[in-house]
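Residue numbering begins at 1 within each chain, and the chains themselves are lettered A, B, C and D in the order written.
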Amino acid sequence: MGRAHSNAFLQAGRFFDLPYQPVLKAVCSRNAERARSFADNWGYESVETDWRNLVHRKDVDLIDIASPNDTHAEIAIAAANAGKIVLCEKPLGRNAAEAQAMTAAVERAKVANMVWYNYRRVPAVMLLKQLLEEGRFGRIFHYRAKFLQDWTISPELPQGGEALWRLDAAVAGSGVTGDLLAHAIDTALWLNGPIAEVCAMTETFIQERRHNLTGQVQPVGIDDASAFLARFANGSLATFEATRYARGHKALYTLEINGEHASAAWDLHDLHRLQFFDHRDQGQLRGWRSIHITDGDHPYMKHWWVPGLQIGYEHTFIHQIADFLEALGQSKPAAPAFRDALATDLVTDAVLESAKMRQWRRV
Amino acid sequence: MGRAHSNAFLQAGRFFDLPYQPVLKAVCSRNAERARSFADNWGYESVETDWRNLVHRKDVDLIDIASPNDTHAEIAIAAANAGKIVLCEKPLGRNAAEAQAMTAAVERAKVANMVWYNYRRVPAVMLLKQLLEEGRFGRIFHYRAKFLQDWTISPELPQGGEALWRLDAAVAGSGVTGDLLAHAIDTALWLNGPIAEVCAMTETFIQERRHNLTGQVQPVGIDDASAFLARFANGSLATFEATRYARGHKALYTLEINGEHASAAWDLHDLHRLQFFDHRDQGQLRGWRSIHITDGDHPYMKHWWVPGLQIGYEHTFIHQIADFLEALGQSKPAAPAFRDALATDLVTDAVLESAKMRQWRRV
Amino acid sequence: MGRAHSNAFLQAGRFFDLPYQPVLKAVCSRNAERARSFADNWGYESVETDWRNLVHRKDVDLIDIASPNDTHAEIAIAAANAGKIVLCEKPLGRNAAEAQAMTAAVERAKVANMVWYNYRRVPAVMLLKQLLEEGRFGRIFHYRAKFLQDWTISPELPQGGEALWRLDAAVAGSGVTGDLLAHAIDTALWLNGPIAEVCAMTETFIQERRHNLTGQVQPVGIDDASAFLARFANGSLATFEATRYARGHKALYTLEINGEHASAAWDLHDLHRLQFFDHRDQGQLRGWRSIHITDGDHPYMKHWWVPGLQIGYEHTFIHQIADFLEALGQSKPAAPAFRDALATDLVTDAVLESAKMRQWRRV
Amino acid sequence: MGRAHSNAFLQAGRFFDLPYQPVLKAVCSRNAERARSFADNWGYESVETDWRNLVHRKDVDLIDIASPNDTHAEIAIAAANAGKIVLCEKPLGRNAAEAQAMTAAVERAKVANMVWYNYRRVPAVMLLKQLLEEGRFGRIFHYRAKFLQDWTISPELPQGGEALWRLDAAVAGSGVTGDLLAHAIDTALWLNGPIAEVCAMTETFIQERRHNLTGQVQPVGIDDASAFLARFANGSLATFEATRYARGHKALYTLEINGEHASAAWDLHDLHRLQFFDHRDQGQLRGWRSIHITDGDHPYMKHWWVPGLQIGYEHTFIHQIADFLEALGQSKPAAPAFRDALATDLVTDAVLESAKMRQWRRV
């Protein structure tokens, strides 16, 4: 994620007219060599190997946390206490308790803060948000989201350490629930409001794996798959599902919303398109419209190329930092703030608890 | 459904080489005029207005039940007791108790029997069944199915009577659970084996409607939407959902199965295509294949037209009766028999019970 | 084609309320055994082995020609002279001269006549026709059509005789030009008006093949591929292409029309969908609509099943005979009449001549 | 295009390990204010308002031409004569004579050179190139390409001056032929080899427009639409078409190639996917594969994000400059060089001449 963030800091000002221009003061990694190499590539002015030094540097205004989940809370709280602006990768905490403490810290310190739920800034998803706010859908009946991957199907894949920390429950907090479902839940809460209650199941298909660093075969602590039923506060029903065992899908985050007058659907594998159905179209001519989100009047797109030319994944981070800096210039909060991300952690906690207890849980 | 069945009886012999040729001896309806008109159109030799007469006619070998759900059990049991072959529209009973009695009747009478879960005979679905039986998918991790419609969203739509009996719980037994989910469950059990347990939620979005016949506003007794989590006996996880409130979808029955080596997906709105992903394809060239199921080596298709020319909905009934007559000629049972359909009713009962109790239920 | 026609004669009256009900008096084939078998299967009352007998039978009102192209003219003219209604498979003649004589014959005899350009009766194509007639597209700029197949790529495929007469120039008249392009041209003339001029190229990729009956290797006389540029009388530009060497396409007939205000596209591999783009939609929400042509207000569809349930290839023939009988009951002509099909033969003649002369040709 | 090029110069080194790192020494524009603003945004060290100064600056090694077509030849020749590396936007010249002179200049000066036909560097297109070179397609029968836009349909759109120079024949050289078809031809020559002969038609649908600067209504000199038939040297047939009057298409560049064993298709509106059909797949399971080109083993993709996360338009420029610098480090030429782009101009000249003469033209 360090690359995606660094790229966003560098690119935002080139394509957006912003009140601030990020200066890459320092990159921090426990591995000095890696930090140096990264700094050279991205133009960071200096290197740190202990984040404690970084959060107390006078020449640093903003701390951006892109390290594994088990470091989020400690760094974010220290940075907030040091009066720094804090940006944090998602999920905010490994659980809601951590997220609660982090949220309390930034709010107490009154520092600007934001969590990188970047998919809100896909132009198609932002357009959907606008359409919902315009009331085009009427009463909402259904929401459904999935996040399907297939990269852990092999039992030979080790767990833990470096690139594989997402398979280590102690570091990640959970498996697909905190990793993939968290994205789906953040978008859902933003688009469709609070979730009232959930009923979940989780599964660990491959129950033992060799640890990447120790070489020892150990029980797998994470959830490989997670699905839940939900009722939103607005009365709509939902199904959510995430897995790393859906052969053929690499990062297929899909969402669909069905309202009284209209429906819309989107997926990450064709992120530059929004599917939209409007029942108010003339009867014979009703159909799902595949809207190619590349026109100047689509969200964010006047900053990019001419109609028909698509953008991709990294742009969602550029949009997010552009929005953040724009809000900062106006002394306004930018969403999703820590508090918004805490709401997602409350849902993921309820999901994991529901799966464990085999019961419905209120959020 | 009477039209779809009658068409199937007439067409099967023209396109398939069958051991028996159905003769349309009589059509039965309480409304004599309607029965007469139907008989004229489809070439039935005679008309009955009381099914009790029909089931005792000596010149009739087979009773096909296409009437509302609340009549299935009584007619089927009487027909079986009279020694007739019995075909029945789905769902078999309004609940598993009825289905149990019906199954007992046909098995006691040793009469051939079948239930019109016609979507098994979509060529793409049959091909998927064959691929699964060949073991191409390896261990199965996920199954998911939806059946989405949007025809009851208007609160002005009345309930009950004639064409709207599907909205009357007393007649239909349930709402989308017995109507739409039943299809999805039948296919799932056939493709992926028994379901061990379910956890469901149902909703009635519009709680009062004017009755179509009496004009009185009454509580709605059916489920408008129904979704459930499931675990199959083979260890795979599943999500199922059905609704009549998904704007933009007319009869979108979709299913997907994810295995260790391959995945496949199909939907009723493009029923002549199977989506197939094979992880054993060469790495760079892996992709979802959109297979146009119109070749002579695809199931059933050698009986139809040349490659590229698609068939549609009604053909699934033709295939089913062709398979039934073929099996009858060999004195073999044809699936789904009443007992197979009873298995589906056991799942739908568990779904409705789970939703009511807000608990997981074993099937 | 005999199966598709026979099926249409039998099915039309079951789904449409028609002024006449076809009676299958006789089927004719030089092969008596095959004729008998066909008659048995489809319920023809009698068999003929010489079409000359058939066209003079007093109990026959209508002659339907589904034999190879080299027989069309002689039979049609004799049937017209005998005062019979004449239906003929496409293309009308092997060339425009034959088609001219055939048209003269039916017009002189004042007999009802029609050519089986069945794709006009795909509901999606008929809807497009209606949209064009309503003036929704404004000035037309572009038309493009392709008909792609891949069944003759193997050099081992023999030519001529029985099922392979389409590869024999003497019988077929031409290759893909008269077979596949003829369909594309008929639809184009109907939707977009007369073609003023064409410039074409043709190719025979495999220049020698073994003859199916004699076993001798002979030069191939047909065009394997044919493409042309065209200008319509309305000023729009067009490209047309047909081939039997497009790997991966079985019967992919596609068409697209671009107007000032709207565009539409359709293809035969998903014949139940119309793609439609309306520039008058609100800017941000413009997109190609995939219209699932299965609603009761779509052309022909109220006669079939409920929304969402698709029909297929054979239904185009049913629609055509239903329209024909309806028109006959009103003593009106039904399109495409022989004269309409002659217009297509005039274009295909110009295409073949243009390819040979390497020049633009006026039609 | 200045933005796309500048972005590429800045981004290439961040994502690719390159032998050279571009230094943005100067940007040149006749409008000093605009040049200054552009330099500030992109980090150019200095500004020039006369390209003649720029091409003689000692601190500049490479001249990148992104100005309107009528300036390409003069600047490129001067830069080559000054010993600079020359990169040039496409089309190389307004016609083949200009391109010939430019090619002669760079070859005489022995300077590295390249033309920005960026679509070769779409990962999906590069993969297709590799598949063709591996011989997977066998004999090629067909090639077809289209480039469809809809931005000039309004007669109110003025012509010429600034952003609208593409509508001014004196500046642009031609309309869609040099603008859009040139892209399609470059890719085609690269993938399928030389084009032997063409037969074209062009059209100017709106024949008079107000000039953007003078306000005067003047005849339109460019071609609004252009289509041609072609024969490649390898014996395959082709159709090409470009227009700015295809309602609903913004920048829909599509290409398809049909070979004996396989076919492939690609389009710019979903540039991250390759459609591939392999006839050697098992019969029942043949289908068009939609390959999501985001895996580490796809061309260029290991430099970007994880599987499933798509890139977009701007990345094609980054890939091109990365390839160029890589080749430069090895003292190898990078394609497409000026000579390659000259080949495209020879085809576009033949197309325009063919349309004018209404004859086939050899290239």
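We take it that contacts are C-beta pairs under 8 Å (C-beta built on N, C-alpha and C of every residue); 3 or more make two chains touch, one makes a residue touch a chain.
Since this is a predicted model, take the numbers as computed values, not measurements.
With A-D and B-D as the two chain pairs, more C-beta contacts join A-D.
Greatest centre-to-centre distance from chain B is found for D, with centres as Cα means.
The distance from the centre of chain A to the centre of chain D, with each centre set as the mean of the Cα atoms, comes to 36 Å.
Note: centroid distance chain B to chain D, computed from Cα atoms, is 54 Å.
Chain contacts: chain B has residues 249, 286, 288, 292, 295 touching two or more partner chains. Listed in rising order, the residues of chain B touching chain C in the complex are 4, 7, 10, 13-14, 41-42, 149, 151, 249-252, 268-272, 292, 294-295, 304-315.
Per the touch definition, chain C reaches chain D in the complex via residues 141-142, 144, 148, 150, 153, 199-201, 203, 205, 225, 227-229, 231, 235, 237, 239, 241, 243, 245-249, 258-263, 277, 279, 286, 288, 358-360. Interface of chain D with chain B (complex): residues 127, 131, 274, 276, 278, 281, 283-292, 295, 297-298.
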